[in-house]
Structures are given as C-alpha cells and as structure tokens.
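The structures considered in this document are given below.
In the two complexes below, subunit A is the common chain; its partner is subunit B in one and subunit C in the other.
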Partner chain A sequence: MNIKKMYSKSEAVAGGGTSGAGTETPKGNRAGTSKPMKNPFQSMTWQKAAWIISLLILFAVPILVSKNSTLFMLTNIFIWAVFAMSYNLLLGYTGIISFGHAMFFGIGAYCFALMARHIPQGELGFLFAFGLTVVICFLLSLVVGLLSLRLRDTFYALITLAVATIFVIIAEQWRTMTMGNDGFNFTAMLSRDLFGFIDLLDRQHVYYIALIFLVSMFVVLKRFIDSPVGRTLQAIRDNEDRVSSLGFAVLNYKLISNIIAGVMAGLAGVVYAISIRFVSPDSVLGVENTIDVLLMTVIGGVGTMLGPIIGAGVVEVSSHYLMGLSHIHPIFERWVILFGIVFILIILFFPAGIVGTINQKLRGKKKEGAS
Partner chain B sequence: MELHLTLVFNGLATGMLIFLLAAGLSLIFGLMSVLNFAHGALFMFGAYMGTWVYILIGGWDSNLGNLNFFIGMAAAAGIGIVLGYLVERFTVRQVYGNHLRQILITTGVMLVVGELVKVFWGPNVIRVVQPEFLTGYFAVGDVRLTYYRVFIIIFSTVILALLLFMLKKSKLGIVVRAGVENSEMIQALGINVRKVFTLVFIFGTMLACIGGFMWGPYQGQVNPAMGLDLMLIAFIVVAIGGLGSVAGSAIAAVLVGLSEAYMAYYFPPGSLAVNMLIMAAVLLIRPTGLFGATR
Partner chain C sequence: MDTSASVKSTDSLQGDERNSERNKIIETVKLTKSFGGHTAVSDVSLSIFDKELKSIIGPNGAGKTTFFNLLSGQMKPTSGEIFYKGNEIQNLPPHKRTKLGIGRSFQITNVFPTLTVLENVRLAVQAKHNIHYSMFRHYKYYKHLEEEAYQSLEKVKLEPKAEHLASSLAHGEKRKLEIAILLSLDTQLLLLDEPTAGMSVDEVPQIIEVIESIRDQRDRTIILIEHKIDLVKHLSDTIAVLFHGKKLADGSPEEIMNNDQVQSAYLGGLYNDAED
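Now for the complex of A and B:
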C-alpha cells in the first residue's frame, strides 16, 4: 500500500512538472530521485494550485456577489456537501447503504432549533446545541450500528430506514415541543453578535460559517480516510471476508465509520438549521432527505473525496432551476423523475459517478502517455 | 371480549393484505438476494392503476354492476406483470450479484415509479369507495364483520394456499424453493435460473399490485405516500418471517397486522415502534427470521 501511495505521489509531481514551465525536471522526478526544489512554485503541483485558487474564489464570493439568494444557495450547497460526504463515508468507503442517514441531520437541526427557541440566545446555547448533537448522534449511531451491522448487510438499510421513520413520527407527534408537521421558524431568536463578531442573520456570515465548516470537515475526512483505519474500511468494502480472515474485527471498523458519519451528518444538520432558520419533519428529517443525499453522492461519485461536493452542487442547482421552469410546463414540478432516471443510468453505465469517471479518464490518459 | 374479537378480526384483514405485499418481496429476496426498494412504489402504481380503471368503468356503465371491481383488479395485475417485467429486464437484471448496486438501482426505480404516479394521477389523495356487493357487515354476536374485510381474508388465504401448493408441488415451485436454498447449485444442474428470477419478480410485482388495488377501498383512499409507508411495514414483515419463506411472511404479516390493529386502538403513533421492537427482538434472537433458511 505504501508503494502504491508513493507511486501516485511521484506521478502527481511528474504531472505538475510537465504542465509547468520546467521541461528538464519531470524525467528526473519520475525516476524517483528527489532533488531538493529551489523554486517554491515548482514544488506546487497544478492540483495544489487549483485547490488554492478555487478556495480563494469561494472565499471571495461574498465580496463579488451581493445577491443574497446566490449566497443562500451556495451556503446550502456547502452544507449538503458535508452531509453527502458523511454519507459517502458509509456508501463509498465502507460499502454499507443507509436509508436513515437523514435522522442524524434532522437531530442536529432540531437540536439547534429547539435550543434557539427555548434557551435565551447566547454562546452557551449555541455550544450546547453542538455538544448535544454530537452526544446524541454518537449514541444513536452506536446503538443502531450494534443492532444492525452484525446482521446481513441488507439489514442495515432496512433497520436504518425503520429507526429514521420513528424519529419522523416523534417529530410529527410531539407537538408541544416540535410543532408537529408544520415545523417552526426561529429567525427572531438568532443571535446577532455571537462571540461578539458573528451575526447569524447576516447571509455573508452564515456563508463563511458554512464554507469553513465544509473545508474543515473535508480535511478531517481526508485525514481519516488516509489513516490506517480508513484504509482498512476500504479494504472491508472491497473484500470483507478477506479482511475478516486477516484478523481484523470488521464490526468495530464499521461501527467507527458509522459513528463518524452519524456525528458529521448531525453537525451538518446544525449548520443547516442556522442557514434555513426553520425546521420541519419534511425539510430535515424525512426519508426524502436521505434519498437526496444518496442522489448527490452517487451522481457526484461514490468513493471519491470531491464527488459528494460536486454532486451536491449539481443536484441543488439543477433542482432549483428545474423547479423554476414549472411555469412553462407542469412536468418540471416532477423534477425528481429526471434525477431518478439519471441516477439509474449512472449506476448502470458510470458507477463511479461524475468525479470517478473523470478520474478514470485522466488516469487512463496518463498511463497511455507513460507507456 | 367483543372489542378483542373485533381487533383480532381487523388485524387479520390488515395482516393478510400486507401479506400480499410481503410475499413477493420475500420470494424475490430469498431467490435473488435483491432487497427490492422499488416494491412499495410498484405496489402504489398498481393501486392507482387499478383504482383508476375501477372508478372509470364504474362511471361509464352502471349496468356492469360489480364487475368493475374485478376489472380494476385485473388492470392492477396486468400493470404489475408489465412493470415487473420492465423493471427486472432493464434494471435489476443488469446488476445481479452486487447487493449494493441492487439496492441503489431499485431505489432509483422507486423514485421514477413514485413520481410517475404523481405525473399520471396528480399528487392528491383519491377517494375510493368499496364495491356495492362488499359494503355493509354482518354481525356475529356483538362483533361486526364487514364484508370487505371478510373478502380480503378469504381472497388472501386462497392466494396463500395456492402459493404454498405451487411451491410444494409444481416443477417451477420446486426450482424456486431449491433456488432459495442454493441458487448456484441450481444453475450447476443446468436450470436457467435467470428465467426463474424473471418469473418470480413478475409474479411478486403482480401480487403487490393486486394488494395495492385492494388497499384502496380498504382505507377509503389512495395517496402518493402509501408506497413508502407500506414498504417499510412489508420489510419488517419479511425480516420477522425470514427472507424467502412464504409461510413465514404470512405468519409475520398477521402478527404485524394484529399489532397494528391493537396499537391503532390504544396508541396510534406507537404502531411502527412496536413493530420495530418485534423485529429487533426477532433479529437479535434469530438473525434469519422466524422461518428463514439458516445459512
């Protein structure tokens, strides 16, 4: 595995060399001789540069764009991207499929919403909402995982669906607490000067919260996936029997993945509640949300880091515009049908999704060039 | 006492209706290991199609009497056969042997079929009345037995008996049972398992569609949420009864139907939770379900 990693690293460096100005360095690099780099810009591969540039652009967006609706949409894309990343940890990196992932998202959102409504505003309530979400999601994912992961793989899908439905029913029935099906709005209760400098009613501030949240979660997840535990999870995904016969406690690894995905989805729910300032069973808890996040993950690319982010963008933007077309023809109100068809086609013909397919193409080209 | 007899009677009717939905799901899973997430949507499509024909023909010609109910049922069965074939041929067959992709692709089918229902018949609730010859009730002591429920129980029991008989005696049934036990062995013996898969999928979808059609007059309405709601119950039934066991799913369906009836009387919001608890208890003690093959 180490060798593979080194290989891919040297390949990336070589790619950077050819695309840059230097014409002599690439061959030396490909051979593996590590010359000390004199020019700091030479060591920066085009991938890294692309990362930094796109990050800079994203951070500059609120300065360039003043339209609140655009900011709102981007904010939601970031949050859904984190949600989809957490789902991808299960589906793409562990190989288990959950139909109840929205329960964590919804629990996070409801935690924050209820806190905003019942505890007079302030930093303490804010932090408490985060803490409570982490604790609940941790315990819930542990219990659900223990109950379902030791059974046949398909039972996990079934049990998560059932448990999530119970949470929807609780949110619908416990009217004194959750206002039932109507949900509730808590715009008025949001703090205008959290920790002295965050204004939760300012779209720009919320945008930055979501962006920083996305970047930090991305880094955390990337590190986790590249860690020994993450590698083991991928091995379990590829061949569970083999890993198990090598002496790994497969159940424990799956539990870890389940817990991290659950807590991450819960945190995404908290940030989502901050952004939309409204919670209802349909908008955060329902099975439709799990289906949405499943669509994003699969369309973007299962088992890739960027896939869920691209998927969240594609699904959010296109559903927004398709819904806007509904005055032309009512069929556009049923935009889910289009996603369903695209989803089926992707599973049949491009199981790696958008990002995965592009990656394969790029890798194929590189190999052709090398040989 | 009357109360309990009524509840048991109601639970039996609900359970036998759920059985129609769960039987196909169980067989499909047992034979091909496909956890069919599209089953609920197909059930709903059958319900809408049958109901549409039922209401349409009832409006056209009142001389037909009660025939429109059976024409509606035939329409539901017909659309079940067509949809079952299409779904199996163009989606499920493409991903045999890969559990993850099977679940994903049937989820995609669920989305498409569920939305198609809304495209054809709108997103609103459609009221359905029971056919004339099945309205009303007869009383045994103080217990009122509605004709429609009696009809459901008899109809489903006949289907159950036929199904068990076919599985036991017919050649196809023997192949199906053997396939549930070990489908690779069947293949090795030179039997075209793919064909059997297709037939079972079509048959299961047809049963679900008939069940869906009968669900409409039972509840007095069909609505676009019924697919997901009932699919969850059907999953619970299949998990309790054991994957691939028809008799098991019949017993589990009645069990779940009874708990639904009792909870509907005492504490309606808790009915799913109770069913979940039953499922969790069964799975913890016997992971293969009550009657599942121990593999």
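Now for the complex of A and C:
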C-alpha cells in the first residue's frame, strides 16, 4: 500500500524537523507535493553541524577568553538557563504557572552552602549537597503538587507562592543556621582539589561544571519531552479535559512534570551556589528569582527547548549592562522595571518569544517551499 | 402519516425479543442533573443494550449533551445512578470511565490545537495501548502507534492533513478529527455527540459510512445524538427522545416516528427546520 510509502517518507522529513528547538513544528505536508525539500534548515547534517560547532565553541571559550568576569557571566547564564528550562517544563510544556519555583533553586543553593560550611571534607559535602537537594526537592514538589494540582491552575500558582514564602521566612529567621537576611559567603570553605582534579575556586573549572551541567540537563529534558509522557504533557497544556477523556490520569502527569521541574531547579541551585559562593534569601530564594526565570522563558520562547537558554542569555547580559549604566540614571539600577516593559512588549508583539518566532518564520518558509 | 404505534418491525433487533436476549451495557436510573434551579436532565432511566445503535434525539437544550457528560464523567449527577456492565460508575472520573470502555466525541470540537493532526490521534492510540508512564523512550520508539493513528485518519479521510496543526483545519475537518480520535480509543461503547454537525454536504456521507460500518460489525455499542432525523431513522436500532430533560419516549424508529407525543412535541417542528 502506498500509505506505507508515504509513511516512511514522512519519517525522513520528520527526522530532519525534529530539531532541538521547538518540538511542535509541523514537518511539512506529508501528502502534499513530493518535491524534494531543498531548505538547508531541514537537513539533518546542517543541524548536526550547527550543534557540534556551537558546542565546540562553548567548550573552547575558557581557552580563548581569559577574563574571569566573562567566564563568570557565561557560567551564570548556563545555570540560569537550566533553571529557566525547568520552569519552561511547567509553563511551556505543561501549561501551569508557578510563582514559587525559586524555592527549589534556593533549597539547592542553601543545601550546598550549608554543606560547604559544616562538612569540611570536600567530596562528602559536595555529593551530600546534591543528594539532599534531590530528595528534598522531590518530596517538596510531590507534596505541593498533591496539595494543589488537583484544583484549578490559579490555586497552584498561589500555593507555590505561599510555600516559597515560608522558605524565605525560614531562611531569614533561622539566623544561627543561615545568617538571616545577610546570607553568608563560603568561598574559604570550597575545596581546591575535589576528587583530586576540580578546583572550585578556578573560574575555568566552574565554567566547565556549569556547561556540562547545562548540556546534560538539556539532553535529559529533550528526551523527556519526546517521551510518551512528555507528549502527553503537551496535550495537557493544550486541552486538559480532553486528555483525561482519552483515559490519562492527568493529575499524575502534572505531578511528574512538577517533580522533574522541581528537582532540576534544585540542582541548578546547587551549581549556582558553587558559582557565586554566597547565599542569601534574596539572591536565591526570593520571588524575584521566579519572576526572572518567567521573564527568561517568555522572552526566549515558551514551549521551545532553546528558548530558556536564549532568554537566560538575553536577561543576564542586558541586566549586567543596564546596571552598569546606573551612574547615568538611577532607573537603570531598577532594571527589573525596564524588563517589565520589555516583557509587556514581547507578550503583545512576539507572544512566541525569540525562538518561537524564529520557528514560525522557518515554518512559514517551509510551507511556501512545499506548495 | 400513519399513527398506529402497533406496527411490528421486521428487523431482528427490534422489540421484546431483543430485550430478553441482550444484556444492558449501560443503564441509568433516575439520572438527574441540575444547574442551580434549572434541571437539564430529569429522572432519566434509560437502558442501552449491548451492540445496538441507540440514538438520542430532542430539541435544542433538551439535555442530550448533558446526558452524555454524565455518562462519560465530565459532570457528576445531582442524583441517580449509572451502571456500566452492572457496576456503578457515576462517581468515577472521566479517565477511569474511558479505561472501562466508554469513549466519546464532543459536540463542540475538542481537540489539541497546537499539536499536529497525527499527534492528536496518536495520543488516543497511546492511551488505548496503556503506554502511560514511559519517560525515557522516544515516542517514535512505539512505531505502531503512529501507524494505527494513521489508519484512523484514513477512515475519516483526513490523512492528507496528518502533519498539519489541528488549529489550521477547517471546521468540518476538525469534526472528522474528533471522530478519528474517538475511533482510535477503540472502546466498547461510543458516544457520538452530533458527529456530522457543521460538516459540508460531501463530508457528511463519509462520516455516516464510518458509523454504519461500525454498526454493521456488531461488535460494539453506539449512542448517537443527532438532529438529522432521516439519518437517525436510517441508522438506529432504537431511539430515545429527550424533552425538557425528561425521557419522552424510547423505542424502535417506527414507534418513535408514529408516537403522537413525539410528533407534537418535537418532530413536527424539527422536520420543518431541517427542510431549509
């Protein structure tokens, strides 16, 4: 039968279309014309090459760039990118808004900071911080999800905000443990020969930790998004009631999404603490951090794989330079306000974000080329 | 018109004979649903027998869709019971009822707009095959899912649009997608809520053909809500009439067409509507 033939043809096209960015792009017109696709954006090799070159450049950066401040900024972009990716799993792929996602990030950061302070042996504290973060974030996201996800989505937003606020208060009040609002620095406690080859005070080393962390989280998330569960989540985002009428227990899927997002944000928090060597309620736990990842996700492109990474880059770099302009006018110190304006403009004019808009443009071209 | 209600049908599935031979697949007992002061479904006791095609007719606002919402679990009844294969199900959530074998399509198109047509159907096939918590395999690993989804799309002649986003479909095509999704669930009981509403004249026969072929296989049960009376007469084994939320009549097509109450309450007016 020719269905089979058409089917296998579309497979090839679909393979080319399954890029890192944007998973929901239609892959050309299966039964339309059978013209060969000449668009280079669709060829597998072009894409693979782009990925490999980007990765090579990123891995070569510490060799080419010696300025620590640049490495530091890139490192933080990678970490915030993972944090934003985890947020995007909720917002972009599941369709739920959290106002308390920073609690996981903060928990991870505090876990590492407290371990660094209290467990002198580097390796043990290091591994313990990661393990503890995973356990706490897993349980917390499970409980918060069970409490709120069976209700309306707005309820989830409010519950997460409330629980996150509780964690901020704990961090502020439990002074003996956390040094309260001031937070604490633990640079002196960081190991210089972790596992015999990692120097946590060397910006290059931390850069590589963050880059490898980003790449591995990207691969894990991409895999998850393309799994049957991930596909179901995207359907839940579109039309939750219909998913349940297909026979899926929607609550369980939302819980899975919530747990993966929570654990991923927690891990990002650990790596962030390694990078900035300082924690305080404001810098890692406060609701501003959630707003930041929300911004990054929306600016970069909700529901795309690359969006949060691009968004993290844009927000980090521009906030850095905007703050540098504060001697010209104090408004620049309040760069969040400026971002608020940018945010509104983006929602009005580019609701798909940077990556989403590019995807749409490519898709438009593809359609033209096919017909 | 002939008004004698005693005309005996020649169809083997009609009359008392059927009642004694066949099992009830789903049965409602005094089913009631109220919205505030308004009772949309009122005291409806209805039995649907295994492998039959039962139509539910009634004027706009009669409570037909609400009745479906109660059967499939989108709404909880205010009072009354629903038995599916003898078990009480009125308190089960929708996904559990689907797993038991109650599938439905929606009157108001209810698809996944940002997913492709194929993906819309593939998800239903995935649900049917109980692939639920697989997180570490690529969805394309389950190749047969896409193939099956593709077959469902072929049944409703929608396969040329497989890779289009569902939001880009024309209205009639969305209605077909709705049906393809239901077919893919492969359930024992199919609830079809005005499947041909809003379709163009050349699309309607395609869908009727699909419904007919399922009926003719006689391996599953169909409950059909439909306004097109000719179609209902032609397809149905039995017809129930809802009017103001109440069951007005229930019987063979001949019995219903010749029922005075039905005539005056509904059919007379509707025939006129349907003519234009």
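Going forward, the second predicted complex is superposed on the first by the 327 of 371 C-alpha atoms of A that agree within 3 Å, B and C clash if a C-alpha of one lies under 4 Å from a C-alpha of the other, contacts with A are read in each partner's own complex, and residues count from 1 in each chain.
FYI, a residue touches a chain if its C-beta (ideal position, glycine included) is under 8 Å from a C-beta of that chain, and two chains touch if they have at least 3 such contacts.
Here the structure is a predicted model, which is why all the values come from computation and not from measurement.
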Which of subunit B and subunit C A:M323 touches, first, second, both or neither: neither
Contacts of A:L201 with subunit B and subunit C, given as first, second, both or neither: neither
Partner chain in contact with A:A235 - subunit B first, subunit C second, else both or neither: second
Partner chain in contact with A:L124 - subunit B first, subunit C second, else both or neither: neither
Touched partner set for A:I166, first subunit B, second subunit C, both or neither: first
Touched partner set for A:L55, first subunit B, second subunit C, both or neither: neither
Touching partner for A:I337 - first (subunit B), second (subunit C), both, neither: first
Touched partner set for A:V143, first subunit B, second subunit C, both or neither: neither
Contact residues of subunit A, present in both the subunit B and the subunit C interface: none
Touching residues (chain side subunit B, partner subunit A) in the complex: 29, 33, 35, 37, 91, 94-95, 99-101, 103-105, 107-112, 114-116, 118-119, 228, 232, 235-236, 239, 269, 272-273, 276, 279-280, 283-284, 287
For the subunit A and subunit C complex, residues of the former touching the latter: 3, 7, 10, 24, 26-32, 223-224, 226-232, 234-235, 237-239, 241-250, 252, 256
Partner subunit A, residues of subunit C touching it in the complex: 72-74, 93-95, 98-99, 104, 106, 110-116, 119, 122-124, 126-128, 131-140, 142, 146-147, 150, 154, 159-165, 181, 185
Residue ranges of subunit A in contact with subunit B within the complex: 91, 95, 97, 99, 147, 150-155, 157-159, 161-163, 165-166, 169, 172-173, 287, 291, 294, 298, 331, 334, 336-337, 339-341, 343-344, 347-348, 351
